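The following blocks contain the structures, represented as structure tokens.
Next come two complexes, and both contain subunit A; in the first it sits with subunit B, in the second with subunit C.
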Partner chain A sequence: MIRRADCLVLGAGPAGTEAALAAAEAGLDVVLIDEQADAGGQGWRAPLGSLTLPRKGADAEAGDRLRSRLAASGVDRRLGRRVWSVGGAFRLDAVGPDGAEAYEAPRLIAATGAHERVVPFPGWTLPGVIGLAGATVLLKAQAVLPGRRVVVAGAGPLLFAVAAGIVAKGGTVAAIVDMDGRLAWARRLPGLARRLDLLKEGLGWTWSILGARVPFLAGHGVRCATGRSEVEAVIVGPVDADGAPIAGPERRFACDALAVGHGLVPGGEVPKILRAAHLYDRLRGGFIPELDPYGRTTIENLYACGDGTGIRGARPSAAAGRLAGLAAAHDAGRLDAAAFTALAEPTLQVLSEYRPFADTVAGAMALRPAQVAAIDPATVVCRCEDVSRAEIDAAVDAGASDINQMKHFTRCGMGPCQGRMCGDVAAELVAQRRGVTRETVGYWTQRVPLRPVPFDTMIGSFDYADIPIPPPAPL
Partner chain B sequence: MSLWRATEGVTRPAEVTFAVDGTDVSAPAGEPLATALAAAGMLGLRDSPRGGTPRGAFCHMGLCQECVVTVDGRIVQACLTPVRAGMQVRLGGTLR
Partner chain C sequence: MSQAPIYDLGVIGGGVVGSTLALLAQRGGLSTAILDRGPLCREASGVNAGTLTLQMTRVALIPHAMRAHAMWASARDWLGHDVGVVVCDGLSLAFTEREAALLEERAGKRRAAGAPITIISRDEALRVEPGISDKILMAGHCVVDGYANAYLTGQAFRAALVDAGVAVMENRGVSGLDRTDKGFVAQTAQGPVSFRRVVLAGGVWIEPMMAWLGVHLPIKVLVNQLSVTERIRPVMRTVVGIASGLLSLKQYPHGTVVIGGGWQGIGDRERGGVELVPERLVGNIRLACHAIPELAGARLARAWAGLEAETADALPAAGPIPGIPDAYVCGSIHSGYTSGPSIARSLADVILGREPDLPLFPIDRLMKAAPP
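For the complex of A and B:
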């Protein structure tokens, strides 16, 4: 059975949900699909249904408001579905609770979000080392702490959110290790002050961290994580403003967990697989689809919004989602030009008000090329296939000129994570080794399945007798 | 050492018991298996295919595939699999 609709929205985070709501309000039959059991995405994720928590954070409340608006809307919610294929104009294949499902519509809005970048260091594959975004999921959705003594390291606002979350839940943060120096944050203040509400949230984190007297190392990075079968300690040292390690005293922190992350990378597999034009934008996290102000890609009737189109954060993503939903409704002839403009104008305004704040935060989360340049040759870059930096360099020296050739030479990016964990860093390594731009090196060729799915679920209840056999041609 | 569950003000569902390589482990029903295993001190879930180095849950959101284990004979991502009473979990060697 194929569920046909006017518009499909893939991804039920702030962007996708707002897009679905706007399109449905304008009269489109909208199906909203997501892998998680509830809307909200990673940032506004709902806590596990079975948990009762003492107090909700601002993000959980924003998520609750979004979820209740969605529940009251006419949007057909298909949650808990893992979409593994996208094609045509447009069809999605998914695996749901009862097996294979298919969806078709003349319009598709891709809102698949971002994933974390972790720039490799020796020991980053040890159990007990987790991403900052993963730590956020544990803290917010599960009320679980990553360890008894946690080192929180990397760059960007997630550092402080995770550290404050651990402190609030009664855990111990062994140290906060921030690649940015104090100067960098001071320079960012004017941009952050443009959104006082969000700045206040940030200051609240800082306050609780100060209260807990957590050692805070500004302008430091992780040198290595050590341990036999699990992480036991982290060694940190000073880095310069570009993220390159510099001489200076190193410090060792004993811990049972390291939460580490260096910003976010736009996911955006869908526009890539459908061959929309992309451009590289380091501030926005990597390759992003070329969009008009409303989220139209270069492919007709394909729209994209949210962090998958460049890192901006949840609230600006919600605004961008609304614009994409309105554009889809307008293009489908459900909103005339006047109504479209009247609805879109205020949202465009909101988006531009967020811009200085979003750019400032994105700046803290952007790739630091000097940090990548300093990766030790023996360090594993591709976790799935255990490919080291030295092997990537050797492939480039042997003639691999872009990211896909390098993949064929080394198997880097060929494993089950499909290059999501290493892609941004691997491409940067190739670009640096060749001395060319990231545009020249390109991005992984996207292929289905978008996510691993069991083969038997994918084919559904299939029987040989179902294959139509044409009658044999007369002799 | 391990993840731990915050207690202050948090109410969790009743615990259920399941087997990990023959050993009984308990965790609140519905908790992601990756969390339940780590809370029981089982951080290393498998070895990497080429280097043979220990690996455990890394992203906790279904992307990295480092948490892959076998549940009742099927390969699953532990961070996306809710804990059920009586499930049979096998660690190690998957995706090899």
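For the complex of A and C:
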């Protein structure tokens, strides 16, 4: 059975949920689909099951508000579904609690979010090394500490969110290691001050970290993580403003976990599969779909919003989601031009108010090319397929001129993460080795499934006689 | 400024067929250029299932497929590079009486053409391949089977062509082909390339290529769906198909299982393989899991669609282009991976003035008047 609707929204984070709400309020029959059990995405994630957390942060409260508005809406919520196929104009195929499902609608809003970037260093694949975003999932959804004594390293605001979360849950932060120098944050203050509410949140993290007397190393990066079968220590050293290691004293911190991340990369799987036009924007995290101000892609009736269209953060994503939902309703003829303008204008205004803040935060999370240039040749870049930087360089020297040809030469990006973990860094390595732009090197050809999907749930039970085997080829 | 070279031979289309031809022609003494609008072996040749089975090969192509199998198996010797070829047994399964009849008929005709295929019992088949379902009635068994690793062909051919001295012109799309008194001039955005002889080896794009020369050769476009699992523990050790031919299945040494068989997706010559049809992907995977039950525990990692060319009679277009001296076509082979290198070798022989050991498939039979 195919569930037909006016509009499908894929991804129930702040962007997708707001999109679904706006479109449904305008009268569209909307289906909202996500693989998580509850709406909220990564940023406004709900605690698992019956878990109740003693003290709620601003994100949890924002998530609760969003979830209660969604519960009171007419949106058809299909959560806990893993969408594996996107096609047509438009059809989604998913596996859910009762097996295979299919959805069809003339409009699709893609809000599939971002994934994290870890620029590799020796030891980054050791057990106990976890991404900053992964650490926030543990803390927010499961109230679990990544370790008893954690080094928190990398770049961007997640550093402080994770460190503060660990402190709040009684863990020890061995050190915060920030690639940015103190000067970089001082320069950012004007941009951050444009959103005092969010700046306050950041200062709250800082306050709790200060209270815990956590060593803070600005302008430092991870040199390596060491340990026999799991991480036992992290060695850090100074880096310059571009992220390249520079001479200076190194320090060693004993730990049983390292939470490390260097920003986020827009996912954008759906617009890529459907062949919307993309452009490279380093500030926004990588390749992003070309959009009009309301989130219309270059494919008719396909919209995109949220961090999958460029890293901005949860609140701007929510505003962008609302715009995409309104645009879908308008394009479907449910909102006339006047009503659309009246509803969209204030949200456009909100979005533009967020922009200096969002740009400032995105700047801290953007790829640092000099950091990639400094990756040691022996370091594994693609952890699924065990492909080192040296092997990527060798593939380029053997004639691989773009990211997909390099993939063919090395298997880089062919593993279960489908190239999410390594893609941005691998493409940067190819571009640097060739001395060409990221546009020239391109991005992975996006394939289905959107996530690896178990055969047994995909195929269900069947009789051999019912398999629609096509007629044989000529003999 | 030095004069632009005039190559003895220009090959347009850098898949397995074009690359083999260019390599053999250069080694035979012809200065050769190979042009492709993208990197080498990135269309059908790079996204292929890579199966080297005789049990899905057309009867007329069995001799070529057997010679090509030997060429693939000895790639390290003549190509000089590894393309991940594994030689193993192949099984074609019959689950129903109807399939059993089909299997016996088809295996018999292929055997008559020289393929060493025998019909074996269920128990014998289970000894050859313990991974298969015990629901089979019988199987076709062939010791000449195996597979290449499609994504390695570009790297291997590129290195071999460069080593041999072929002018490798990747990312160089040809927009037109002009005849001159000295031969042919291919027009590209990066400037013209001249050669005395030309081979059009563009797979599904042979039809528009032939139009450059005013020749109409209809080529159908098949859009074959393929899928691959994550790495899993060994669940099979042979190439497995079914009697109707709509399954090709094997596990690579690194653990992934590639599932193909020619289930059709959506796409065309202009846009490539655009989209998969979910029901057909599920059908193909059901068939695969029915054949190898342990496969049901795997996860789908990637699925895609690649284009395959087919002539009106589903036999190759390989030979001189009638009415155009020094112009040749080679492609649309129907089992391009299995037979392609051998057919390319026969055409290289003809271009080098040698008598080929195995016959070509001249296109006179397929020619129609150009549409007005």
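Points worth noting:
The rule we apply is simple: the second predicted complex is superposed on the first by the 466 of 475 C-alpha atoms of A that agree within 3 Å, B and C clash if a C-alpha of one lies under 4 Å from a C-alpha of the other, contacts with A are read in each partner's own complex, and residues count from 1 in each chain.
FYI, a contact is a pair of C-beta atoms (placed from the backbone, for glycine too) under 8 Å apart; a residue touches a chain by one contact, two chains touch by 3 or more.
This one's a predicted model, so the numbers in the text were calculated from it and none came from an experiment.
Shared-chain residue A:454: touches subunit B and subunit C both. When both complexes are overlaid on chain A, the residue A:416 reaches subunit B and subunit C alike. In the superposition on chain A, A:247 makes contact with neither subunit B nor subunit C. In the superposition on chain A, A:186 contacts neither subunit B nor subunit C.
Of the two partner chains placed around the shared chain by superposition, neither subunit B nor subunit C is touched by A:337.
Once chain A of one complex is fitted onto chain A of the other, the partner contacts of A:472 are limited to subunit C, with no touch recorded for subunit B. By the touch criterion stated above, A:405 is placed in contact with subunit C alone, subunit B being left untouched. Contacts of A:386 after superposition on the shared chain: subunit B is touched, whereas subunit C is not. Residue contacts after overlaying the shared chain place A:133 against subunit B, while subunit C stays out of touching range. Subunit A residues 415-416, 452, 454 lie at the interface with subunit B in one structure and with subunit C in the other. Of all residues in subunit C, only 39, 42, 46, 56, 58-59, 95-96, 102, 106, 109, 135, 151-152, 154-155, 158-159, 162, 170-171, 229-231, 242-246, 254, 262-264, 266, 274-283, 285-287, 289-290, 295-304, 314, 334 touch subunit A in the complex they form. Residues of subunit A that touch subunit B in their complex: 35, 42, 48-55, 115-116, 125-131, 133-135, 137-138, 142-148, 169-171, 229-230, 256-257, 380, 383-386, 415-417, 420-421, 451-452, 454.
Of all the residues in subunit A, the ones that touch subunit C in their complex are 84-85, 87-88, 91, 93, 100, 102, 275, 395, 398-402, 404-405, 407-409, 411, 414-416, 418, 445, 447-449, 452-456, 458-459, 462, 464-465, 467-475.
Per the touch definition, subunit B reaches subunit A in the complex via residues 1-13, 28-32, 35, 39, 43-45, 48-51, 53-66, 68, 74-75, 95.
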